[in-house]
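As structure tokens, here come the structures.
In the two assemblies presented below, subunit A is common to both, partnered first by subunit B and then by subunit C.
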Partner chain A sequence: MGKRSNWALPYLIFLILFVALPLILIALYAFRDGNGSFTLSNITKFFTDGDALSTFAVSIEVAVENTLICLLLGYPAAWILANRDLNKSAVTAILFILPMWVNALMRTLATAELFNSLGFTLGKGTLIFGMVYDYLPFMIYPIYNVLQKMDKSYGEAAADLGATPAEVFMKVTLPLSKPGIFSGILMVFMPTVSTFAISEFLTNNKIKLFGTIIQENINSSMWNYGAALSLFMLVIIGLTTILLGGEDREIEGGTL
Partner chain B sequence: MKKFFAQAYLWILLILLYSPIAFIAIYSFTEAKAFGNWTGFSTKLYGNLLTGNITGGHGLIQALENTLLIALVSAVASMILGTISAIGIYHLRGRKRKAVQFLNSLPMINPDVITGVSLFLLFVFLGFSQGYLTVILAHISFCTPYVVLSVLPRLGQLNPNIYEAALDLGATPAQALWKVLIPQLRPGMLSGFVLAFTMSLDDFAVTFFTRGTIGLETLSTFIYADARRGGLTPELRPLMTLIFLIILVVLGLLNTRQGKNAAQNHINL
Partner chain C sequence: MSGHQNIIIDIEHVSKSFGDNQVLKDISLYIREGEFVTLLGPSGCGKTTLLRMIAGFLEPDEGTISMKWDGKAGNPDFKDVAGIPPHQRPLNTVFQRYALFPHLDVYDNIAFGLKLKKVPKDEIDARVRKVLKLVSMSDYEDRDVESLSGGQQQRVAIARAIVNQPKVLLLDEPLAALDLKMRQDMQIELKEMHQKLGITFIYVTHDQGEALTLSDTIVVMNEGRIQQIGTPTDIYNEPVNSFVADFIGESNILNGTMVRDRRVSFIGHEFDCVDEGFGENSPVDVVIRPEDVIISDKTEGAQFTGRVKSCAFKGVHYEMYVDTDSGNELQIQDYDAFEPGTEVGMSINPDDIQVMRKERTENVVDCEIIDSTHIELFGETFECAPFTPGPDGHYRARFPFSKVELWDHEDEGVTTGEVWFILYKGDHYHLTVRTDSGEYVYVDTDDIWDKGDLVGISIQPGDIIVESQDGQEK
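Then we have the complex of A and B:
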């Protein structure tokens, strides 16, 4: 038995080299200047860089709005898909993930072109709705998975004991589907807060998101400042994950 | 009545989700250079694509070949590495297992940009010259976790005695692995492979940061460069339409061949 656990060793080395070390390097580069000596200037630069700060705020706002819209549109869809009385065919569920196989940039450009030809001016509105197109499946899927595996007898028991359908939903279905909602939020919020290219396409270069600022700095060889910006992004991601993940574990523990 | 409204809601969402793809497909049947212009029905762009006579030269075909090559190599490598590692992780206990699983989950949580930047810094730090090899290594690093997560649950469902029985009956560990363990893990490995292939195919940010300056283009970076220049290569429209149709046909075949089970398995991808 002990021997086969060694099979994880090559991958552990691979993970340390290609996952852990690169993340450590972000932190390392963030606190160095061009000559390699320690400095806090990259960090302080961010707090005095008006462009970066406002982009950061806009990114968070757009990501929150996008996540909320995806949740509001996606939850009912997932609920219908998982409900055998309302939807018998598994094919409908597959139809929701199929678009993901078409190149995301191409789809985004087509969305922008579509908005354009319908007479919408490209800007914040098209940015948010364009992103909903891109990320809605990521919200629907985890919620659908949780709802599908949910033990239906809890809801039936509540109904037998006199709960109205609305009460069953609010007090049984919704709380039990929390893990799905949290991973859906994670899967939509993370990519939207950090996306680059997509925002430029959807707004005709009017609105930049945080990912773009990182990319611009890295591409113009401002590696240290780029690394510092990435570090801020990592902190946001880490906090979100802990916030949602911690709650997640509590819910999972609480289901029995 | 309730069912009617429920189905109507789903179909409205689906129509919205598919409208950009339909838009691409419709405009693949016109010759106009600019996406969104209609200059009458024509199949010329399909002709161009099939004969290789593409606006702006061979870049698009080269990008398609690169994309497929990188996706295939990364997915095969991830499948092998991920399966072996899943077996290892399954036999780990306690803190060690938690540590490996935590590291394994990082590439899935990390946004693409961060993965891209961090790997870029790694290759700069190690002095690797960037190109095919670095892109493939980067893709393996974010694809393998999906294979591990597809294979691990299968291991839990296996009867461990079958492997032990093979050993008792004189099989070498390699034979037992190849003839007993792998066949039972095949469905998990396959869905891991499909996931890895898809993730690699669709990647933009990680490729963008790790491809170096040798002019390596995949479909995503090609489309990005095209859009920055202010005009998409018109032949991208028929190409994307064909790719989508191929996926539809493949999934349709899988579905009719294996019936509803396949569909259910697919959903659990």
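Then we have the complex of A and C:
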């Protein structure tokens, strides 16, 4: 027993160094001032900082919009990909995932260039477009995974009991694909709250997101306030996860 | 068909292929109201495909399926169901792996169909409770279906189907996933349920014991064709061919010759029998059930003699293998044990001898001519005895069962195949081998092969006779 548990040691060290320690440091910095003494001022500063609060609201709004659009576009796509009558080859599914093989930053830069050369004004529209483009595969994949593994006989049983194709979808397919939908939402919503590169490139920093102000504070050496903002974001993401039941739910959609 | 009373489903000349693989070949069958019909056959015989067509999940390529359809004011009518989707058909299915909805509890699973039909809530309540009682699952309403045992899930699946009061209940190997004891209990319950409900059951299984126990009518299927339709007793006592005889119950299947009417010769002896009309000296298959051989330690007065090779106790009877004086092996069941090595005398009553016309006496396969010494058979080039091709383009090759050579290593043969079906004929094996081209070769051999073995197949050139399709030898 004792020997076997030693095998976990390298992972434990890794977790301490790269997960636990940074989190502790964030918390420590968030509750200290520049001189290293304990303070709550970083937290209160955020709640009185109108700029930060409105940026935060915009971030949540953009993240919600992005997640909804991804879900509306991604679910039908995943359904078609998983339907063997409509899609006979696994290659099509890979094609949908393929953009993820290219670095997101490069794709965003290329998208910005494309908009510039086509003469579009960069703004909220292009921001949402860029986000949907970047995060859509993260919505499609977990839903596709669940739908594809779903036993076809559930649908047949429903049809046998008198359900029309629409009723089969609403009463069986959709409820059974919930785990995929939840992981899709988590995988899209969480990173969009904290992103800053996409808004930087696709709006020329006209629209600031929460990630942007964290980055600005850290860049200008305001470590303590930056850490407080990061902590706040972590709490928000944690709450979303719990709300979606992501903690005790077996995330069947899996990650990539 | 139309002359029969009470027909509820009529299947006429139905065929179905998946790609190149023809799974159903010209199936015709009718099912009466209230009947317990079993579609019985080995895996791949097409029984599940046929059931799925009746349910509406598949459409036949050819032929029609008609069902009695309740017209208005109790005026039932027959209706071709082609193109009618499953949700509109007046029948319900119990699926092989139950397919209970994992996101719903037992109550909601059973109420699923009724809710779709907008049945009033209190009626749903009453009907769900009634079927739960019928399947002995009262008090399980609120249970999560995934927390139930296999047998309980099975009951819920049956309840979910019958609560809709279908005219016909389709059951796709419903007991296959249960253990033996549970299966036997459920068989009795299914039979009782069938009597109580009075509706038609169409039951698919590969288990012959289950079919014999449950059915009013058994439809034996093999290789996409119906082999025999009859009551369990008919099928057991009078199998029409060696496949049915072998598949249903234990049997000795032997090569024989009909000497004349009511006189048949096999295992080197002549016996009186009750069959006639086969023609003199025609080759036949003879089926002897193991319990029908009368065995005693007196060799005098017996029809033939032999020496006991092995003897095993089977609970009620002893099962013995006896080498006969003519070198055949017979399986015999008797309440008395005869020790191995004992000389025994045996007799068979005339009406216990089941004589069947041979389905075929040699292989006859369509072929293409390549040149005067080569033909294309099973998609490969075979050398054959020289012949002169005529102008007619259609040829067939004939070769005896015993002249087909099978090889362990697939590349030793001209083509390859899989051992599909094995019949022990007392002194040799009769194999059905499915070639890679999807055709069947029949082989007589003394060697032991296993079902599923991949084999190389070859035939000596001198053993192949090529002839024009009109039967004239070239």
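Definition applied: the second predicted complex is superposed on the first by the 238 of 256 C-alpha atoms of A that agree within 3 Å, B and C clash if a C-alpha of one lies under 4 Å from a C-alpha of the other, contacts with A are read in each partner's own complex, and residues count from 1 in each chain.
Convention: a residue touches a chain if its C-beta (ideal position, glycine included) is under 8 Å from a C-beta of that chain, and two chains touch if they have at least 3 such contacts.
The shown structure was predicted, so the numbers you read here are calculated from the model rather than taken from an experiment.
Enquirer: For A:Leu109, using the defined touch cut-off, is the partner it touches subunit B, subunit C, both, or neither? Pick first, second, both or neither.
Expert: First partner only.
Enquirer: Which of the two partners, first being subunit B and second being subunit C, lies in contact with A:Pro179: first, second, both, or neither?
Expert: neither
Enquirer: If you stack the two complexes on chain A, which partner ends up touching A:Ser153: first (subunit B), second (subunit C), both, or neither?
Expert: After superposing on A, A:Ser153 lies in contact with subunit C but is clear of subunit B.
Enquirer: Determine, under the contact definition given at the top, whether A:Leu161 touches first (subunit B), second (subunit C), both, or neither.
Expert: Once the two structures are laid over each other on A, A:Leu161 reaches subunit C alone.
Enquirer: Would you check which partner chain A:Pro142 touches, where first means subunit B only, second means subunit C only, and both and neither mean what they say?
Expert: Neither partner.
Enquirer: With both structures placed on chain A, which of the two partners, subunit B or subunit C, ends up touching more residues of subunit A?
Expert: B
Enquirer: In the overlaid three-chain picture, which partner chain does A:Ala20 touch, first (subunit B) or second (subunit C), both, or neither?
Expert: A:Ala20 sits against subunit B, while subunit C stays out of touch.
Enquirer: After superposition on the shared chain, which partner residues are touched by A:Ala8: those of subunit B (first), subunit C (second), both, or neither?
Expert: Once the two structures are laid over each other on A, A:Ala8 reaches subunit B alone.
Enquirer: Which parts of subunit A are touched by subunit B and by subunit C alike?
Expert: none
Enquirer: Along subunit B, where are the residues that touch subunit A in the complex?
Expert: Contact set of subunit B toward subunit A: 2-3, 6-7, 9-10, 13-14, 16-21, 23-24, 35-36, 81-82, 84-85, 87-89, 91-93, 96, 100, 103-104, 106-107, 109-115, 117-122, 124-125, 137-138, 140-141, 144, 148, 198, 201-202, 204-205, 208-209, 219-220, 223-224, 227, 232, 236, 240, 243-244, 247-248, 251, 255, 260, 263-264, 266-268.
Enquirer: Would you mind writing out the residues of subunit C in touch with subunit A in their complex?
Expert: My answer: residues 55-57, 85-87, 92-93, 95-97, 99-103, 112-113, 116-117, 160-161, 164.
Enquirer: Report the residues of subunit A in contact with subunit C in the complex, numbered from low to high.
Expert: 151, 153-154, 156-165, 167, 171-172, 175-176, 178
Enquirer: Over in the complex, which subunit A residues touch subunit B? Could you list them?
Expert: 1-2, 4-12, 14-23, 25-26, 29, 73, 76-77, 80-81, 83, 85-87, 90-96, 98-111, 113-114, 116-117, 133, 136-137, 144-145, 186, 190-191, 193-197, 201, 211, 214-215, 218, 223, 226-227, 230, 233-234, 237, 241
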